[in-house]
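First chain A sits with chain B, and in the next complex the same chain sits with chain C.
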Partner chain A sequence: MKRLYFDYSASAPPSPGLGAFLASLESFKNPSSLHQEGQKARAFLESTRKEMKDLLGAKPRDKLIFTSGGTEANNLVFASLWHQECVGKKVIISTVEHASILSLIPVIESHGLIPVFLPVTANGVIDLDYYQSLLDDAVALVSVMLVNNETGFIFPIKEMARMAQEKNIPFHTDATQAMGKLVFDFSDLCVDYVSWSAHKFGGLIGVGGLLVRETCDVIPLLWGGPQEDAKRAGTENMMGIASAGYALKNVCNNVDSELERQQKLREFFLEQLAKKLPHCLVIQAEQNVPSIVSLAFPGVDGKLMATNLDLEGVAVSFGSACSSGALNKSPVLSVLGFSDDIAQGTIRISFGSETTQAAMSTLLEKITLVYQRITGEVS
Partner chain B sequence: MRPRVVVAMSGGVDSSVAALLMKEEGYDVVGVSLKLWEAPEECQIKSKTCCSLTDVNDARSVCDSLGIPFYVFDYTDHFRKAVIDPFVKEYHWGRTPNPCIQCNHDIKFDLLLKETEKLGAKYLATGHHAQIICDAQGKYHLKKGHDSEKDQSYFLFGLLKKNLNQILFPVGTYTKPELRKKAKQVGLTVHDKSESMEICFIPSGDHAKFIAEEYPDLKRPVGNFVDQQGQVLGEHQGIDKYTIGQRKQLGVSTGRRMYVTQIRPDTNEVVLGDPKDLLSTSLKAKDFIFTHPNEKTTFTAKVRYRFKEVEASIRSYNPKTGDVEITFAEPVSAITPGQAIVLYKGDIVVGGGWIESSISKI
Partner chain C sequence: MKRLYFDYSASAPPSPGLGAFLASLESFKNPSSLHQEGQKARAFLESTRKEMKDLLGAKPRDKLIFTSGGTEANNLVFASLWHQECVGKKVIISTVEHASILSLIPVIESHGLIPVFLPVTANGVIDLDYYQSLLDDAVALVSVMLVNNETGFIFPIKEMARMAQEKNIPFHTDATQAMGKLVFDFSDLCVDYVSWSAHKFGGLIGVGGLLVRETCDVIPLLWGGPQEDAKRAGTENMMGIASAGYALKNVCNNVDSELERQQKLREFFLEQLAKKLPHCLVIQAEQNVPSIVSLAFPGVDGKLMATNLDLEGVAVSFGSACSSGALNKSPVLSVLGFSDDIAQGTIRISFGSETTQAAMSTLLEKITLVYQRITGEVS
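Up next is the complex of A and B:
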């Protein structure tokens, strides 16, 4: 049975040709070494950094710090607040941030800062008037994700970052779910920090980065050597970085036409779904990335939907998993104001460049099949 | 391929071999581990119980080596309501609960069984040492496990109310050493894993401490130890710390060996006495399920898990209320309210219920 993969938001398949590209590279030596082998690696590292910065719309003096992924990049931004000057200041974050930010709340508090939450409505709206009212001298950082990982909501980061900029407040956006899912331009976004992760857009797992505006800075999380401008010690993950550069180039090559194609796939899927399973609820915002579809089946156990689909050869995602891998309802859906009935009955479908319309049709068939199996209903 | 079967996997050797046997028989096997309670971090590190992270990871690695899919279902909320809450209340009322029976009845063979169907599976298999057989009339019976040392049919009497034809006990015809050998032969890393003996959600084994920490409102206050005549012998640490027949950790010195013979929740007293004070010839039980056609015949009975069966007969039984009175051919020691009485005819489980009280002490 050929399996169908609808969990791009967890990890996307490798960018086409990535394996061959990596195999074609000479084995990297330590880019910090003085010898010519090291210099060669260093040159590759820096040219990849430059290429990526260009593709992401960063200016020459903006910094790109390579990390182990989005989680580390997010932590790196926040760790820069752990110093005396920030004590008593506020940190504004949305209620639907990734766990690598939400789980920092007790740490934020332990460093004497005050977390302030920005609520998000069930249809993805952030009250910008309220947000603006929070912006004052006492805010040390605003951190709001560009695209929500569970729903695909796109938040108005440009507008929000501008408001922060007017008050000289640093603004961070976690763009882990945004790369390749929308047209991205660092300079245009007006933000100061951007986190990203390579395996969400076709690079290897284990590499990501933090874009830092020229005028801003971070305090390292990892101490040791002077790598990454002394902002992130440890020998660089060269293969990972190479993969990130390669994948980003691929993604940026045809982002407009691919997004258009994905939008059509989404519309096709949702149209058919509405016919087959009219009870099903689509959780979406006015501004939503096409490739994340959050589907709620009220009263149906999403864990059973996702498990059943997996057994039918279709990989989708459900809620959040704890360290044991136990599946539970998504905390994001709960804070968006959805009842348990819906939060427990929601699965996430995320797709991408390799997804065809035929695959979407099969997905729909399988969803219908397992929905009927679980509920005993025939539509 | 044969039908789909969900195997409930604890990460131990029994359920691992159960999955292996199902796979060898050609079933479409799906492994499922249940997350039943939130393990405190120290237990996760020590990993003594069926719900710890290491056990889940063992189950996962067994499934991986068998090439079968594996999922973890979070039943924490259900387990608390169906098993832990009643467990604590039982102790609060001076009884000694048996949470494993409750879990089998309400979690494994109820909630999981229902979800098994919803996963398109025809059967639910577990690693219990018990057997299900089908007689000539096509009727299914619950039978003791082949390994009499390990037989777990006592914990499974609640299944008499369920569809036994949906349940499989693949290891029920094997002895434990055979299972370990089989696991070793195919290279399952869990082949020499030690068995869990404690109640899974109380890895320390100290239930009174658990109640005091997790359910402080239900913790019983200190009170008096009294003798059979009502004379005060000393102070006890709260009735929820004691069980009928208990001899150790009483903390009273009377010059002779004393046993807990009765727990009186109303007066907050724990009665101590001699071994003879523990003997009774009959008991009352509730929620009794009975499947044998003849109520008047004689059976054998177990009044707790590690117990040598005694001959027993039904004095009275009301199928509507589930109330039953059972008499024993010989005096039985330490009949404990909250434990189960299970009746057997030969190797077949024919009845079971929850002990309310012992009667007619000698």
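Up next is the complex of A and C:
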């Protein structure tokens, strides 16, 4: 049997036709070189940047800095705080950010800044009154993700960014799990910085970027040549950037109808699941991307579920990929207030444009089978 | 006429067969994922790492951390100094390091360290007595490149690293321009850290690495997931790493005979050049990689030479790619003590495995033609 891949949020399959597209490109030379080979690479780089900015809703003077991925983009925003004027200031982040932000907490503190956490409830709510009460002159940055990587919760970033904007506080959102999973418009979103990663929407692994509002800036994390407007040194990852541009175009091409299709797949799956396994808990917010389904099987070992599904030919994840190796319970679910019973019994199903209803049906069958095998229950 | 590419040091052409090799690979999933797709990626990643370590002469317990390139690898070594214990300590670097090290000087100072410069003479000599006199308990790091990017000078890294080793001082070498241009052996070289970049020896742009001696360590520059033994967060650039492994194997395969061939090409070219353009100055050290030829035409505008050669179908560089856009004279030649007359009149020719003697002959013709056109001289 063909394997079924339900881990798009860890890494999406390549955008349709990506291999042929990349093979059709000449091998790129160094875009900093002045000769024709270099200038050809430069022209391709800049036209890709422009296309991507347009697709993302950025204005001509907004910046798009290419990085080695979402992690570097997130680190770059925070590294811009490592200077004297920020000492003693606060950084507001949610409790469910990606590891590339939560891991920075000791670094934030070592630079004399104070991290302040925004709690998120089990159904994905951030208390906006509390949030607003935190916004004052002592806040150097707010950073809240647009879509949570484990649950698919969509946070009210536009509203939150507007509240920060009123107080002239820079606002960053990690949109790594958002691109291709919802309609994205930088100008509409009112944020100042947006991180993204290409392999989450069908590009190659190893490339991402940071959108920066015209009026904002960053301090480099990587120092060296004057690439990326002197904000990110190092020869630009030409093939990676080409793949990002190609994949983003594909994703944006029919995002409305695709999201509608994904919503139907989700509803179909969850309806059937509720009938087959009524004990199963769906972790979701009122605003949730359709393509991430976080399921908890109380009292069952989620890692064992995922491993058994893998043996049955179905790839899902336990927690997110960045943490799945080492942990026995989902740190995100724990922080959302779920008991260990639930945080240990969770799996994440994430799908995308190549997922069919037939695949969802098979997934359902396999989950039921594996659940019954582990628990000894027969439906 | 087919264009002739003499800018391998900016970016080498893809390793023979690289496109087909990459196309033959399945699209990689996230190597941190626990399912079969993830574990396949993991296995490929680790076998590539092992192969590359072997080819580079690293021992099993030495580390190879993959990065987004040479710039990140260099920055990573220095970022490991940004802590309290290093305040007030010295960092010894040569005056001709790459921009990704020289640009760090204000950052080094902002972290309370003191940069100390090792001068290099016009014929590539570092005064080792002076160097030795600098080595004391107050030195936190020595960082000297193995091969200079603009001139091809080979520095006596083994000897210098041994002297540092005797005083327990960590030694880093930026070998970005060395891989494939000389025989490289990490174990023999006595250094603790080595940076490299794949696109300089036929891999893709956007991937590089840092070799770290078993007994040494780094503090991460990118924080997040536990990738790369928790030393470099971010999903590993699988295609980039695959390309690096492939290209390194190709390069190491017949490095001795290829270097001999390159040495003959260099000698042929320089002999003919001396006859045709006796005013031309060859910038070289006693130990020089054959494949980088730095030429100065006193009184002539090197940028104009390069531009005219480009129009004639020959790609060479003025200075190195990372700085060639903005400058009117080579910063490396200036620092080596050459007059403006010479530093403004320089071009860099760099070649490699696909360069034939016929190409060298055409290059010679074109240089002569362009030189005569610019100066009005007729030979």
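Throughout what follows, the second predicted complex is superposed on the first by the 372 of 379 C-alpha atoms of A that agree within 3 Å, B and C clash if a C-alpha of one lies under 4 Å from a C-alpha of the other, contacts with A are read in each partner's own complex, and residues count from 1 in each chain.
One rule holds in what follows: contacts are C-beta pairs under 8 Å (C-beta built on N, C-alpha and C of every residue); 3 or more make two chains touch, one makes a residue touch a chain.
What you are looking at is a predicted structure, and each value in this text was computed from that prediction instead of being measured.
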Message = After the superposition on A, what does A:P290 contact: first (chain B), second (chain C), both or neither?
response = neither
First (chain B), second (chain C), both or neither touched by A:I374 = first
Message = Touch test for A:G180: chain B only (first), chain C only (second), both, or neither?
response = neither
Message = Tell me the contact category for A:G203 with respect to chain B and chain C: first, second, both or neither.
response = neither
Ask   = Is A:T307 contacted by the first partner chain B, the second partner chain C, both or neither?
value = both
Query = Which partner does A:N74 contact after superposing on A: first (chain B), second (chain C), both, neither?
reply = second
Of chain C and chain B, partner touching more chain A residues = C
Inquiry  = Looking at A:N328, would you say it contacts chain B, chain C, both, or neither? Reply first, second, both or neither.
reply    = first
Note = chain A residues where the chain B and chain C footprints coincide 303, 307, 310, 321-326
Task = Would you tell me which residues of chain A are touching chain B in their complex?
result = 301, 303-304, 307-308, 310-311, 321-328, 373-374
Task = In the complex, go through chain B and note every residue touching chain A.
result = 4, 30, 33, 35, 53, 56-57, 60, 69, 71-74, 115, 118-120
Inquiry  = For the complex, give me every residue of chain C touching chain A.
reply    = 3, 5, 7, 10-11, 13-14, 19, 23, 27-30, 32-38, 67-72, 74-75, 98-101, 103-104, 107, 197, 199, 204-207, 221-227, 233-240, 303, 306-307, 310, 315-318, 321-326
